[in-house]
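The same chain A turns up in both complexes below, where it pairs with chain B and then with chain C.
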Partner chain A sequence: MRKRSLIPILYILFLMLPIYWLIAMSFKTTNEILSGFSLFPQTFTWDNYITIFTDPSWYWAYVNSIIYVSLNTVISICVALPAAYAFSRYRFLGDKTLFFWLLTNRMAPAAVFVLPFFQLYSAVGLFDTHIAVALAHCLFNIPLAVWILEGFMSGVPKELDETAYIDGYSFPRFFITIFLPAIKAGVGVAAFFCFMFSWVELLLAKNLTAVYAKPIAAEMTKTASSAGYELGLLAAAGTLTIIPGAIVIYFVRNYIAKGFALGRV
Partner chain B sequence: MKTQNQKAWFFVLPVLLLVAFNALIPMMTVVNYSVQETFGNNVFFWHGVGWFEDLLNSERFHAALGRQILFTTIILLIEIPLGIVIALAMPRKGIWVPVCLVLMALPMLIPWNVVGAMWNIFTLPDIGLLGYLMNTTLGIDYDMTQDPFAAWVTIVTMDVWHWTSLVVLLCYAGLVSIPDAYYQAAKIDGASSWSVFRYIQLPKMKQVLTIAILLRFMDSFNIYTEVFVMTGGGPGNSTTFLSIDLVKIALGQFDLGPAAAMSLIYFAITLLVSWLFYTLMTKDDGK
Partner chain C sequence: MTITLNKITKVVAGQTHIKPTSLTFQTGHFNVLLGETGAGKTSLIKLMAGLDPIAAGTIEMDGQDVTKLSTQKRNISLVHQFFVNYPHMTVFDNIASPLKVAGMAKSEIQGRVEEAADILQLRPMLHRRPHELSGGQQQRTALARAIAKESRAVFLDEPLANLDYKLREELREQLPELFAGRGAVVVYATSEPEEALLLGGSTALMDDGNVAQFGPTAEIYRKPQTLTAAKVFSDPPINVAKVTKMGSTLIMGNSARWDSAKMKDAPDGDYQIAVRPHHVTPKPSPANTVKLNGRVLVTELSGSESSAHFAMPDADWVSLSHGVHPYQVGEDHPFYLDPSACMLFAEDGQVVAGGAV
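Showing the complex of A and B:
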């Protein structure tokens, strides 16, 4: 038994090494980083973090990222819920084709869409707004949300719906007060994945924004411009991008473990 | 059984409108560019299938596609089995489960350009942890920016680091759903651990594995940001995957026609392979 638990431990160690290195670097001065190898920070400094928290263009970039990621998660879940319900409960003309077509949008390389997206969102006057990025990320997040939610909904017996109708519930009331609580783990998992894929995406986010909605990932390229690489600053900014994700996964950790087991997913 | 109900279309409508806005309009733009030639100033000429012909005969395209396929194959061959092994070895109950899950999911939640930058810092020969260990402690000559082989090994390691957890999480969820009674029955029958895996665990994981393989295929076939930040496609062209070449042509050289044609072929390949996976693996679902 003991030999078996060695595998996850080794794997987690392997995962933590680059992350440790990033965090260690964020507490070093750029001079110390460039002057040679050291396993721990020799002169421990908070300067890199202070720079980020006192410069509006830095911390606003974080706020921008969080705004469009949250917007995207809310939009994706709200429109995916009824669609997933339809896919899990009814047969209708073209349902299988439609389901696969939705999935195909998860497959399109973002590189393909960069230029057309730029033109499309400029044409409708949404360029450089949070909503533009949030809508663009719907392209790959809605299909995923529908996919996950459909799995959870199929795990809920159909008798629940029928009993509620017999008891005189209207559809919206049934959906909100009975059905949603029954699949709340699924909503959690779907929201987690939407948050994750929107948070980590850069190519579209960067090309759809310029100043007002600039994401943190784009702001980080600033460290490369003046007088060589400011590695310490880059590491600190990178470390800070891990935190929102870590918080989100902490909240959904239990759903993730049992979540996918239900239904199709 | 599901009921036939055409009104279900109303439920799907919002999704349809949003995704169509995002997918169809840009796709039409791409198709439009792919059959035209331009000399700037928004003047376009009909070019027919010329770009497609050029592309299918272009060695540069073949090389980039070959590298992309090789990369995805290596990734799937390493990450899927490794993910299954780790999921099998995970504890099923206890306080360590949430800790393991949170730590394992961490790499997936780091923005992709940060992942690239992080691995860049990690592998610098003189001041990075991995680079220093390899060169100074182990005495292996290792420099990702000079040696194509080292670049490949680094990128594959980076991707394994980044995404194996997705396979682990999905497989683990499948494993947890197996009732204890199954294992007890197997124990009474004296089944070996291999047959427990083959006849109980693997079939239970089949559905989640379908998702894992599909997601890993799509994402590794479309990988761009991490590789671009780490190597920029180099040294030479050794890590110029299809996606990197595409962005080079589209945004670097602004050759819209060839880039659009390339996008369409790229998308078609992804679509075809995903469809094959999808049909093969969901074939028995209806029974």
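Showing the complex of A and C:
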């Protein structure tokens, strides 16, 4: 028993080490971080967190990120639901090609799209708005959401649709009251992945914003200045960045296993 | 209440799946669609339910043309072969769902659901969800939904096929009572000839998107109009052989010849005979007089019956007899045919003379 649990314990320690290091750093002063190796904070300090929660440019960066990530998740799911339903239920000319083409959007690096998005958004006056980033992230997240949802929807037998029509349900009523509850795990998983990809995406978010919609990832670069790096502050900001993801993953942890079983995550 | 199909056709991607079909289904008894998997039973039901588009023809319910009416407005019920219920709803809500959609008063819904649940012994399960029920209970929930709805037509698409043997027998006995006196037209699809005979009423024999024959079940079992109809309505498969008729004598290759008085009116020539397996026995009897020789290929024992598949010049035949009969696989064994039970078909498959059953 002890021997068997040794390897998983080592593995988990190995995985947790960088996260522990980040959290430990966030409670140290920058001087201590630079002075050498220490496993625990020698002079424990909340200063880094206090800075973040009192400086509007810091906490607004978090709010900005949460706004465009939430916007993006809602848009992606709302657009992907009907698309995924069509792919899973209907056969039409070029359906398989179109499905594959959607996925290829995820294969191009984000950097390719920075210039066209920047130019386009500047021209139509969307530059430095939350919706600009949310829409840009749709390019990656809608195909992903369509793909995940299509898998879950295809797992629901077509006979369920037929039974509902025979029972008298109109299509919208069937979709909302019967079909959505039947695939709610899929919606959870798709929303989670949209959230995560949008939350960690840096390049588009940084380049499509300046002041009003500045995301946390861009704000973090502020810690580098001519006076050197404020490593403690950077670590505290990093720790806070992990938290939303951790909260979301807690809620969808059971559904994600289902998604893996379907081969769609 | 009647459902009338006027030459309805289904075409998918240029291929005709249901050839022009005209049938009239009546209320008061079961209307059975009998045919093998892929014969078009489910397709026909989906056309009647309005779930698939009709290429040509019309459907009438009680004289009203419903061809263009949407599924939602046809006021029908359908029970699938697979147990289809709404997974996130309780059994009560599942049964109540069509009534709620129709906007019925709560008290009336309560009454109808409880009545249907009592008939199908679902009362203790009303607050469970479908995945907490056994297969039989799930299918009973689907049936209860059909009963509670009190629709004009009920389509049962092989509802017992996925149940185990005992449950199937139990539910099959219950089915006719469930729908008796409700005024709905009941259409029941099955691939088992035995079920068609047990559920009685009228039967439509389906083969490759065609209705081979339609009429009262016992009558079409006794008097198939075509060889195809005889084949569809026989399990184990009906025995077929080529024969030549000369005068009143039928000659089956080198294997047998016999006199058949009732067929003497037909012109001489080549025909096909078909005879059901239980008219071919391993021992002679006053009726079973024509001796055939065959090599035993496979034998099966099912309690009170013995069956043997044996090789004949044209095809493999099956014999079904009462009692336990010892066969040796591979041996040459005599079999005795009842000539009066032979049905005679012309080469194009049309019946020339029927046989006693």
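Rule of thumb we're sticking to: the second predicted complex is superposed on the first by the 250 of 265 C-alpha atoms of A that agree within 3 Å, B and C clash if a C-alpha of one lies under 4 Å from a C-alpha of the other, contacts with A are read in each partner's own complex, and residues count from 1 in each chain.
Here is the rule we use: a residue touches a chain if its C-beta (ideal position, glycine included) is under 8 Å from a C-beta of that chain, and two chains touch if they have at least 3 such contacts.
None of these values were measured; they are calculated from a predicted model.
Superposition of the two structures on chain A shows chain C fitting alongside chain B with no clash.
For the combined arrangement built by superposing the two complexes, chain A sits at the apex of an angle of 90 degrees to chain B and chain C, based on C-alpha centres and given in steps of 10.
In the superposed model, A:Leu160 makes contact with chain C only, not with chain B. After overlaying the two complexes on the shared chain, residue contacts for A:Ala246 are found with chain B alone; chain C is out of touch.
In the superposed pair of complexes, A:Pro18 makes contact with chain B only, with no contact to chain C. Touched residues of chain A were counted for both chain B and chain C, and B has more of them.
Contact with chain B, but none with chain C, is seen for A:Arg89 once the two complexes are overlaid on the shared chain. Here's the short version: in the overlay, chain B gets within 8 Å of chain C at its closest Cα pair. Of all residues in chain B, those touching chain A in their complex are 2-9, 11-12, 14-16, 18-19, 21-23, 25-27, 29-30, 85-86, 89-91, 97-98, 100-114, 117-119, 121-122, 126-130, 132, 136, 161, 164-165, 168-170, 172-174, 176-177, 207-208, 211, 215, 218, 221-222, 224-225, 243, 246-247, 250-251, 256, 259, 263, 266-267, 270-271, 274-275, 278. By the touch criterion given at the top, residues 4-8, 11-12, 14-22, 25, 33-34, 36-37, 39, 75, 79-80, 82-83, 85-87, 89-93, 95, 98, 100, 102-117, 119-120, 135-136, 138-139, 142-143, 146-147, 196, 199-203, 216-217, 220, 231, 234-235, 237-238, 241-242, 244-246, 248-250, 253-254, 256-262, 264-265 of chain A touch chain B in their complex. In the complex of the two chains, the chain C residues touching chain A come out as 46, 49, 51, 70-72, 74, 76-78, 80, 82, 84-88, 97-98, 101-102, 142, 145, 149.
If you check the complex, the residues on chain A that touch chain C are 157, 159-160, 162-170, 173, 178, 181-182, 184.
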